[in-house]
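Supplied in structure tokens, the structure appears directly below.
Residue numbering begins at 1 within each chain, and the chains themselves are lettered A, B, C and D in the order written.
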Amino acid sequence: MGSIWGNRLKFSIFGESHGAGIGMVLDGLPSGHLIDWEHLRKYTMRRAPGHTPWSTPRKEKDEAEVLSGVYKGRTTGAPLTILIRNTDTRSADYEAMRMRPRPGHADLTGAARYLGYQDPRGSGHFSGRLTAPMTFAGALCSQILAGRGIYTAAHLLEVAGISDQPFNTVTPDLDQYIKLGEKPFPVIDDEAGQRMMDAVLKAADSKDSVGGVIETMIWGLPAGLGDPMFDGLESRISSLIFGIPAIKGLEFGSGFAGVRSKGSEHNDVPWFDHGKIRFRTNNSGGIQGGISTGMPLVFRAAVKPTSSIGKQQNTINLSTGQNDTLIIEGRHDPCIAPRALPVVEAAAAVFSLDLLLDTASPFI
Amino acid sequence: MGSIWGNRLKFSIFGESHGAGIGMVLDGLPSGHLIDWEHLRKYTMRRAPGHTPWSTPRKEKDEAEVLSGVYKGRTTGAPLTILIRNTDTRSADYEAMRMRPRPGHADLTGAARYLGYQDPRGSGHFSGRLTAPMTFAGALCSQILAGRGIYTAAHLLEVAGISDQPFNTVTPDLDQYIKLGEKPFPVIDDEAGQRMMDAVLKAADSKDSVGGVIETMIWGLPAGLGDPMFDGLESRISSLIFGIPAIKGLEFGSGFAGVRSKGSEHNDVPWFDHGKIRFRTNNSGGIQGGISTGMPLVFRAAVKPTSSIGKQQNTINLSTGQNDTLIIEGRHDPCIAPRALPVVEAAAAVFSLDLLLDTASPFI
Amino acid sequence: MGSIWGNRLKFSIFGESHGAGIGMVLDGLPSGHLIDWEHLRKYTMRRAPGHTPWSTPRKEKDEAEVLSGVYKGRTTGAPLTILIRNTDTRSADYEAMRMRPRPGHADLTGAARYLGYQDPRGSGHFSGRLTAPMTFAGALCSQILAGRGIYTAAHLLEVAGISDQPFNTVTPDLDQYIKLGEKPFPVIDDEAGQRMMDAVLKAADSKDSVGGVIETMIWGLPAGLGDPMFDGLESRISSLIFGIPAIKGLEFGSGFAGVRSKGSEHNDVPWFDHGKIRFRTNNSGGIQGGISTGMPLVFRAAVKPTSSIGKQQNTINLSTGQNDTLIIEGRHDPCIAPRALPVVEAAAAVFSLDLLLDTASPFI
Amino acid sequence: MGSIWGNRLKFSIFGESHGAGIGMVLDGLPSGHLIDWEHLRKYTMRRAPGHTPWSTPRKEKDEAEVLSGVYKGRTTGAPLTILIRNTDTRSADYEAMRMRPRPGHADLTGAARYLGYQDPRGSGHFSGRLTAPMTFAGALCSQILAGRGIYTAAHLLEVAGISDQPFNTVTPDLDQYIKLGEKPFPVIDDEAGQRMMDAVLKAADSKDSVGGVIETMIWGLPAGLGDPMFDGLESRISSLIFGIPAIKGLEFGSGFAGVRSKGSEHNDVPWFDHGKIRFRTNNSGGIQGGISTGMPLVFRAAVKPTSSIGKQQNTINLSTGQNDTLIIEGRHDPCIAPRALPVVEAAAAVFSLDLLLDTASPFI
């Protein structure tokens, strides 16, 4: 029962990679939002494969049909449902394939969980394709947030060990950051980005893959949102971000590097900036005690190297009960981080709208 | 509304640092467990302050009174409630103090969230003292888990930049690891541990603080527990761990370091070990697709340097509207990681029991 | 955010009466159930209109397309999604209509809740048509329950003031009750049923409508399921049943009539029936302290007279700000109880499977 | 896991009748409410026993200690916890008693659910005494609601078959209704009330018990609160009300009687009353499509005759495996409805505040 998330917005993601389709029911949206379809299309295209040399050439049209929740171009407030039909689903000998589980995939755990009845075609319900509906949700939420002055941005902080310049989290260059979404390979330092792309293509040539780190910023959130303890902002975001396949680490503000600093260096000092409370540093990543500080909220997500690689790999054979080898056919993303990035950014938008809707009501 | 967590176990944590007391309601426990009170006492003492040179000399007796849910020494299945009275709560001029918010604390965010009505004494509901009930819950859950062959262990992987030997996550030395809980400073490499302690005391001498990393292992979980997406094991653990104060990062298996490996190195290869499926490596940290692999579950949590330090710090003065300075009186933990460790391990136990209870029923 | 229900099964219902379609995502189903499509078709047809003189002649094909969660005819355990396209949706001047809200409908409350942005066509998200997905869910759950010896039955206990013979809730005639689902007008006493039908047709002739009471029984539930207080069986069922449009009352066992008895008459006395615990009476409706007794679970739901009637009615005109009159065109069910019956019975099945899945796990 | 309820307010009720105490954690309260302790005391005394000839002479002081969530007399917004110590708990041979389960009680179902480990003393966690914390919660919520012009009232519509005058739900006499809370036996028609009391005392004389119906009204709720389907107002209230012991039926507006009317009579007709939308009748009980209409919200709850009676009853003997008889010692309420009334009214207040807090935020 992992396909539902949210406090005030609830989304239910459904589908399998090679079944009839995938989609989402998004409940709890405010009514009356006039949807910008062109923005939605562009945003969701950022996740779609087949557009760049470093992604799989599989074509996924990802054309979403809206089944409910929209009337005359506006959200009605009732559950909004989208359906994305699966089209590019070539048949294959999946029954033979499922006997040799792919290393790094959920083939074995899925079989253990569902007693062997899971849909094995193209990873079924475990497919990364299931992130398309979340991207749609994030695109829609980001439109509503923009009307309240809240924005998100994300870049590839690291790919194959090569680093981009980190976000400035105290005095961010918002104009620059917001344009990252328009770049096919979203980095601040384009020269580093070129080296990342080279490393990705080189990994592809050797039928291997590399990982990366995505850094995300949300700005415009007022101070005082969230709750202490298990409904703190870190807890809320993390349960969503770790729902995205391939994410194996998450840190806020100074994160793991921050543990090597002293308290006197790490504490974010408040000051009055023309009567407004700001902080000199942002090691907390915009969160103190689970609650927003009013500074940009910043987190980084670790994306493991793609599990599907062209190289021959060792595995087991469930029909023979012997160890065996496996070659995964077809082409796959040699680095999934660039396509995971709009999903993580979308998740940040869904989180932010849920959070806004979760604040105390005007009656109280 | 952040004080409630859980799918099948639900706990509600309540209290303030200097109010009447703190405690917890734990609902959903299996009935009939005969409580080992001596084990409970020892486990919860690991978190209590005042026992070591590197922790605050404040005495917290942390004596928990059981208010409900136990009859003749066994759990009844009804909500189990504990109350820990606050005793060592010296009065202080909190009203003056709240005018100068402490850097690195939730003083400002708490005021924004609760419109200034939060209890300011000793950080109130934001106090680290609130982790005592969670430690109690974890101690109790770990007793029930031990009866099913499930165990947890944790050590200080890093303090002040000094590293302990990491857990062996493929062929762990379980006998050694389980005894870590008996050590006042739980490390595998005691020589490294000594250097860590020295660094902590040195930071204390300079009225400053340092951070650390806690590595935790859970073994004995069968394969096939959990769910894909937002109820995957990473999502479940993270929402709990990030509810512990001072935790700013979390990673599973290879985590952030793993993004620098190749897919061919990173993929965990399954093999038949005398007919039983095992994996050659454990870069996934025991989780694939949100579901347990049957290998040890491993995660690391980043603990920031303690916010309360003796050094003079800059801050603002809310009564004057001017920038100001602040000296925090009293003694505080120069490194909170050693005392956060049993809390993180307790959270791992609570998570594990909740997960076990969450599996499919015998009827289906 | 009312479209999601469940503890262990979660369903998300979506759609509007005259939009693209309606449907449901059902998460948490056990994997491996081989679906009986013919049973599904027959069960869901019981709710469909246009088959009898006492229901609206509108044709709704209610053909459900399965979008996810089924592979090779079996449930996979991943979310199961169905989509029912809307076909018989004649255009009408809905904008004019929405200015004169229909008495007894959610036109005014929907407008208040959604600030006027709700889909007004055919009652939109408030339409009784939204019960079709729940009927599908119930049909599916009832198949799984039958494999565990758990069955449901329902009849029209009262229509237009005419009463059917009540269920025998102590020694029920299960063979007879289970066949009620095959009757187009499910009553025990067919002569009373004929008088009910006559009364319904008479109401239709006078362009008016009548109400009814549905009595439902679940048998085969073992003793000991459920929880005290707010997750007791009455609480669980009621939150589901009151989600069905037109239901305004619900009672268990002796219900409202039972308040006129004495305690000495009302208490259900247990006795040993060949070593098995049974009860002499079943005034509790199979529930004591929120937990199943092992006796048949029995409840009755009050269905108000259909709001849509052909007679001219008074209302307001939102465009003129004056009181006005209204004639609702088209034909509608003169009594909705017969078509609500399979929905209520389906809800009983969904509730029962959720409850079974919610019991303690085999690990504990 | 039935002790937790709520969407925005969450309360966790804990305790057993003869254990250390009972209490509640109430999370999600708005901060800054200045508590009126005298009002709280008076409100909760309405539920306490021992004050009238028709209630048990047991003394329960029900003095609540506030353990958390209040600072300087105001709610802090952190979880508010109360503890009521058990004092009047005479020891008894409970082990012998549990062998002969009391008819109409949860003795057998509790044993089945908790495998025999439940606390049997004074019904343990199933005791009606557990309603004391809910009454406290309701008293507190009603103070906050009064500041927003929202009020509740309740009366005994029926006891032992004798009826009080029903509430006028269209043009209610609010001044009169609000004073019902001050009456020891809250009825509108005091002459009928006298006859009810006589019937209760007569039942007590014959060591038997009688039941009743409680009618509750909430006024001041604006139109447009709630949601369609499973989070509609009926679903929300019912899951709370059915958590109160002895409640076996619930109806809204016209309820069960309404099914005998015609649609043309039953539909509530809106009209403009000096520019404000009102309804001519209130058969919907203030709810259409799960959403508030702005008219008074009205519901009735059926309270079964008290299970504990002095008469000898048949039962089984679990130690002998034979049918047996039982005499319940001590005195018990011959009618529980008068003491259940403030609990139901309190539940209405908790529901109402939760609902208000659940409305759309000012940001959207």
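One rule holds for everything that comes next: a contact is a pair of C-beta atoms (placed from the backbone, for glycine too) under 8 Å apart; a residue touches a chain by one contact, two chains touch by 3 or more.
Keep in mind the model is a prediction, meaning the values are calculated, not measured.
Participant: Along touching chains only, what is the step distance from chain A to chain C?
Facilitator: 1
Participant: So which chain is the furthest away from chain C, centre to centre on CA atoms?
Facilitator: Measuring from the centre of chain C, the most distant chain centre belongs to B.
Participant: Distance from the CA centroid of chain B to that of chain D, rounded to the nearest Å?
Facilitator: 39
Participant: With chain centres taken as the means of their Cα atoms, state the distance from chain A to chain D in Å.
Facilitator: From the centre of chain A to the centre of chain D is 46 Å.
Participant: Roughly how far is chain A from chain B, centre to centre by C-alpha average, rounded to an integer in Å?
Facilitator: 26
Participant: Where does chain D touch two or more other chains at once, residue-wise?
Facilitator: In chain D, 1, 3-4, 13, 78, 113, 125, 228 touch at least two other chains.
Participant: Can you check the complex and tell me which residues of chain A touch chain C?
Facilitator: Chain A reaches chain C through residues 1, 3-4, 8, 10, 12-16, 19-23, 25, 27-28, 31-32, 65-69, 71, 74-81, 83, 113-121, 124-125.
Participant: What part of chain C is in contact with chain D in the complex they form?
Facilitator: Residues of chain C touching chain D: 1-5, 13, 101, 103-106, 108-110, 112-113, 125-126, 130, 158, 160-161, 203, 208-213, 222-232, 234-236, 238-240, 242-243, 245, 247-256, 258-272, 275, 277, 280, 283-285, 287-294, 302-309, 311, 313-316, 321-323.
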